[in-house]
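Next, two complexes with subunit A in common: one pairs it with subunit B, the other with subunit C.
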Partner chain A sequence: MAIATTQTAVSGLERRPPRRPSLFRRIKEHWADYLYILPAIGVMVLVIGYPVYYTIYLSFFKTPPSLSMDQKTFTGLDNYALILTSSSFRDTTINTAIWTFFSTLFAFVLGLGAALALNREFVGRGLIRGLLLIPYVISAVAASYVWRWLYHSDFGVIGAIAVALHLSDHPINFLDNVHTVLPSLIVVNIWKEFSFAMIMMLAGLQTVPDQLHRAAMVDGAGPWDRFWHITMPHLKGVTLVTVLLMLVANLNGFTIPWIMTGGGPAGASDIWITQVYQLAFGRIRFGPASAYSVILFIVMMVLGYFYVRALGGREEREE
Partner chain B sequence: MSIVTAGMVARKHTDPWRWAGRIFLALLLIFSVLPMVWMILTSVKTQFAALQYPPQWWPQSPTLEQYTTLLNPTSSVGQEFLTYLWNSIWVCTVTTILGVMIAVPAAYAFSRFRFPGRQWLFYAVLLRNMFPAVVFLMPLFILMRYLHLVNTGWSLVLTYLTFGLPLSIWLLKGFYDNIPVQLEQAARIDGATRFQAFLLVVMPLSSPGIIATAIYSFIICWNEYVYALTFLNDQDKLTLPVGLQRFFTEYATNWPGLMAASFIMSVPVVAMFLILQKYFVRALTEGAVKS
Partner chain C sequence: MTKSADRDRARFEFNRRQFLGYSAAAGLAAGWLGSSAGVFADEKTGVDEATWTPDYINSIAGTIDVDTKAECAKVVPLDYKGKLTYWYVGPNQASTQIDKDLDVAFWKAFKETYPNIEVTFQNLDYNQMLDKARTAALGNAAPMLAKFPILWSVEFSAKGMLMPFGPQDVGMSNDDFWPGAMKSVTYQDKLYGIPTNNETMALIWNAAIFKEAGLDPETPPATWDDLVVYSKQIKDKTGKNGFGMVARANAGNTPFRFMPQLWAYGGGVLDEADPHPEYKTININNAGSKAALQASYNMYVRDKSVPTSALTNTQTENEDPFVAGQLAMMISHPTEYAYMIDRAKKATGADKQIADQVVANMRYGLIPKGPARRAVVFGGSSLHVFDKSVVDGGNVDIGAVKALAAFYCGPEWSTKMAWVSSNPGNLRGFRTKWMKQRLEQIKFLNVTTSMLPYGIPYPVIPESSEIMNIIVPGMLQNALTQKMSVADAAEDAAKKISDVLNGI
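Moving on, here comes the complex of A and B:
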């Protein structure tokens, strides 16, 4: 056994050690391997590990506006109570849910549709895919200003088109109206990210074996049956990962609401993430903002758990 | 023969679906492209022409005045804009180079070695994607203040490194997994050290992965807004996204100028993306989808 493990250590390139000695011993034998990942882990610990710890820590304190941290006072769970009982928390949570759910749903459906339409060879396929991906690639700040201009209450082109088509008799005020602001922002978000779902699903579609489709065709299955019974079951894993990544991205979707409305009017487009930012860097109240972050963080970790499980399941099946 | 006939029958069946697909794609294309077309059309109007109702659907007297002002280093607007542009280029180039230098050995180790904790560490790296950016903002702001990095590009470099790293590592690991171990073993039998084998055999084979990783990191960095907004105050340190916002507050009614600035800002990433689309798509889908 000793010989076997030494050999593994020497060649190092074998897929798996034949038997598992104690953890300490294995770490000792593989110590040099850790050098390769040390820089990555170092940066990660500094920029992720420490902040996670410090945010949780800070969420139990009242911090002074000067941000000199030696003057903070321990207040237990007060910050959490403050957030959860605040008058705006309920509305913001509803906004967050609407924003996250509808952005993800529509972006995914559009992306899946585009992927299905693009999943065959035709002239200009690459070009169309490229054009559809441009909104995803450009900066969210630039996109937000472009859409602010499109939505402009007096000179916006969308309002002008609505008037030209007799859908409205005056230019529509999209962003200063509490009823239209959130749907308007969701449209921008869908515009920005549907192509992410598209390329993920397109990549997934390419793993569906052609033979299955041909076999089903011979058996007389129509396109709809083939979609539900062959394509979709194959896409289950990719769908799960894509939807989870989009949920997280939307929960974190700060730039579009922040640039376009700043959460207004009257908090109608305020979501968790913009509230946290406002609390932390607008009102310099790091304690409550940290508590808010932790709440967000817990939601995220639940999603993260499913994400890792979805990925882990795939890895195992492959091996 | 039977497959051919089945295919023909099915083609007759799928025709309406194919048409539905084409119409859907056309509508989606309009939805995607029109906002950008309007951005470009507005950017070549004069301020007076832009603020008209009903709008000039096509610019009557197109002008490049906004672009020449923005890119003219002697005008005050141009000076400001070019500073932002340069800051963005500097931050993103440094981030990309450092990111590749860190990701390559890590990805290689995750692919090749079987050290204890490997699985756990790997998922920890991936989990970075799940964390809300704002969770890190406050502690990082305090940390950067402590390190005296607030208001410098280095605070952004350090932060942005971690954005790209998880995906870079994952992507590169996929490349290394596909390079046969035997190639390295052969090189080592011929007397190469492990490092030489890595440098001379593995690195060249994984260069598409490195290119993909680099583009991905660069684009993420170029577009990042929240951290730049928080860490930078001085006007001469701002990167483009925050600079654009400043533009908006300073010259609020100059929509053509803002559209021109947005256009210039989008050109590098869109160009990079269109040229290297294949790699970029791979960078995004790698890991979640394995064929």
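Moving on, here comes the complex of A and C:
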């Protein structure tokens, strides 16, 4: 028993991971390394850290429309209460959820489909891949203006084609209708974004061992079985990272709704980020706009936490 | 008939009854309002709205000689020695050559007039100037003098960053400038600037489409009610859109085109249309405002005679349909004619033929009047002097400031510097030989000029941009999408304006 206990104690000692030195200790031991990144940290503190701090600070104040900041008054959580209880917050939150969820879902699915199609050799593969990348590289502003004209309720190309093909007897109202405006903008966003998902998933598909597919084929597995049981498990990590990045990008997706509709008609395409902009630069209410930004920031920090965990999980698996 | 059609018809009939009711109420108030505005214009400026017609403008041009040097010398001696810093929105790469040439000529002439005044000036981009001025003032690095587009100065006046300054400081009188312009440089009964130039818009129409629709091609709609009728007739007879409505959210173009309608019916946001506004009374939900909103509703929802895309259009999106002969009427600046010529030049093939015909059939006329008045948004720019507490160096050379202000705001240079797209702020400018020259060179200028007596500036309060660019378009969109009824949309806007004014 004593030997067993000793053996147990020895093996227990061996199994316990070494204690990680504290952050302060690590900095002290590697101070020269940290000096190299100090300028970058300084810049980040200046252009990211201070604005974040000041936004959070301002969210507790009421600022006058004349921008006399020395006349701002401390209001505590009033700005947060104002936003969370406003009649438009519910509608804007629903719009934001719909915009973010469906943009991410369909852009991902489309991107995955394109990646699967491009993952095999065929003539013209390089050309097709290049063409499919075009939406991603076009500036969002230029794309928004072009799509605005494609969708135009009176003279849009899409409406004209629908009339020519007898699918409709008049031009289709995409953007000037409270029911169709948000889905129309989501389509533009999906078109703009799917290439990103395609590139990420294409990179992930290179890590799927081909011999697994061949073995599965020998065993009689069909295409769907191979995809679901071999390909997707290997793509879990990159899927999570891609979806998280797209969720964050879509939550911040300002350009398309702002340029195409300005958040209208009647607030039907207003999302959180356009509301923040309108509050800050249209209504000159930096207090409530900052509070809104903090709410958005908290949501994105939660997503960011899962992103970092997902990345950390991948690194551990690779080790 | 289906139940939904019955409901639609009932709603239309109810709205029609409401519209007639609103118009009647608006009309009762109109007589008092209209006469007050007219009397004010007559007494203060000697300009009679009734006689300030395109023909009259042509007749007075070139009737006075101006000696700018002599007039400036009465204000500041020509040998005055000083230094001045000055910011303004001047010509850029996209500006016409004549704008650029006149800018160069201005500085050359000022140097010849005041050789001992050293001016350090910055020509800034329109989209950058306001933020740059805000930042500079907050950092005590503002210039001594700045030329701001109308109403930009309100926030600086409210913060005590501007020095009281007016026409009297440069040997001129308030009566030398438009009442609307003087309102825009007045904050809490004190003057904080001198107008340099002012512009308004006019109604533009395609005479060929009017003829096609059975309307007199040379006669625009006299009233807003007529415009609604014309728009419907054009749509019914030609299939083309009648009026180029602009109702985009968060867009400055929208109130510029809706406010003239609102004021014409006797409405308004606050009391900005009154001769002596106090900006406390909310008028967005009065009978006149509701009548104006109902008229827009009738065009967009009932008659469908305006572009469906009006809810996302700015004026830019009206220009292509207009030059393609698919839109009959719109409200815009005198420069619109130059834009159409430019577009016609760039068109090719059959499109070019159509565009050339549109340009040949383009007409300008007065913006229609309503039961209360004829009205237009008063645009322009003014000179403002920053308080020494926020000026770079902590000192304002008031002699140099007065010299430049007297030079710029006098009849000669207020006319020349407004050459392409505006009008002299100084009323005497309309009588100079340079105005005569402009009228000969720029087609339709006399028409937009004749709208000036009807100009009303937006409320001169810091909250103005929020109210005009967000609440007013929001009200319009709530009514036109039928998210709210016309009455409810107006009441909703009134509540929002009340909240804004109460700091909520």
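As a convention for this text, the second predicted complex is superposed on the first by the 290 of 319 C-alpha atoms of A that agree within 3 Å, B and C clash if a C-alpha of one lies under 4 Å from a C-alpha of the other, contacts with A are read in each partner's own complex, and residues count from 1 in each chain.
Assume contacts are C-beta pairs under 8 Å (C-beta built on N, C-alpha and C of every residue); 3 or more make two chains touch, one makes a residue touch a chain.
Remember, predicted model here, so these are calculated numbers, not experimental data.
> Could you tell me whether subunit B and subunit C fit or clash when both sit on subunit A in the superposition?
They clash.
> In the superposed arrangement, which partner chain does A:109 touch: subunit B (first), subunit C (second), both, or neither?
Neither partner.
> Looking at A:245 after the superposition, I want to know if it touches subunit B, subunit C, both of them or none. Which is it: first, second, both, neither?
Only subunit B is touched by A:245; subunit C is not.
> So, A:94: does it touch subunit B (first), subunit C (second), both, or neither?
Neither subunit B nor subunit C is touched by A:94.
> On the superposed three-chain arrangement, identify whether subunit B or subunit C touches more subunit A residues.
B
> In the overlay, answer first, second, both or neither for which of subunit B and subunit C A:64 touches.
After superposing on A, A:64 lies in contact with subunit C but is clear of subunit B.
> Could you say whether A:155 touches subunit B, subunit C, both of them, or neither, answering first, second, both or neither?
In the superposed model, A:155 contacts both subunit B and subunit C.
> Based on the superposed arrangement, let me know which partner A:278 touches: subunit B (first), subunit C (second), both, or neither?
second
> Identify the partner contact of A:264: answer first if only subunit B is touched, second if only subunit C is, both if each is, neither if none is.
In the superposed model, A:264 contacts subunit C only, not subunit B.
> First (subunit B), second (subunit C), both or neither: which does A:171 touch?
Both partners, subunit B and subunit C.
> Please report the subunit A residues shared by its interface with subunit B and its interface with subunit C.
Residues common to the subunit A contacts of subunit C and of subunit B are 67, 69, 152, 154-155, 171, listed in rising order.
> Using the touch rule from the top, collect the residues of subunit A that touch subunit C in their complex.
Listed in rising order, the residues of subunit A that touch subunit C are 62, 64-69, 82, 148, 152-155, 171, 173, 175-178, 260-268, 278, 282-284.
> Give the list of subunit C residues in touch with subunit A in this complex.
Those in contact with subunit A are residues 134, 138, 154-155, 158-159, 241, 248-251, 307-312, 317, 320-321, 326, 462-463, 465-466, 469-470, 473-474, 477-478, 480-481, 483, 500, 503-504.
> Which subunit A residues qualify as touching subunit B in the complex?
Where subunit A meets subunit B, its residues are 8, 11-17, 23, 26-27, 30, 33-37, 39-41, 43-44, 46-48, 50-52, 54-55, 58, 67, 69, 110, 113-114, 116-118, 126, 128-135, 137-143, 145-147, 149-150, 152, 154-155, 157, 160, 163-164, 171, 191, 194-196, 199-200, 202-204, 206-207, 214, 217-218, 222-223, 238, 241-242, 245, 248, 251-252, 254-255, 259, 273, 276-277, 280-281, 286, 289-290, 293-294, 296-297, 300-301, 303-304, 307-308, 311-312, 314, 318.
> Given the complex with subunit A, which residues does subunit B contribute to the contact?
Of all residues in subunit B, those touching subunit A are 2-3, 6-7, 9-10, 13-14, 17, 21-22, 24-25, 28-29, 31-33, 35-36, 38-39, 42, 50-55, 101-103, 105-106, 108-110, 112-117, 121, 123-140, 142-143, 145, 158-159, 161-162, 165, 169, 181, 184-185, 194, 219, 222-223, 225-226, 230, 240-242, 244-245, 248, 255, 258-259, 262, 265-266, 269-270, 273-274, 277, 280-281, 284-285, 287-291.
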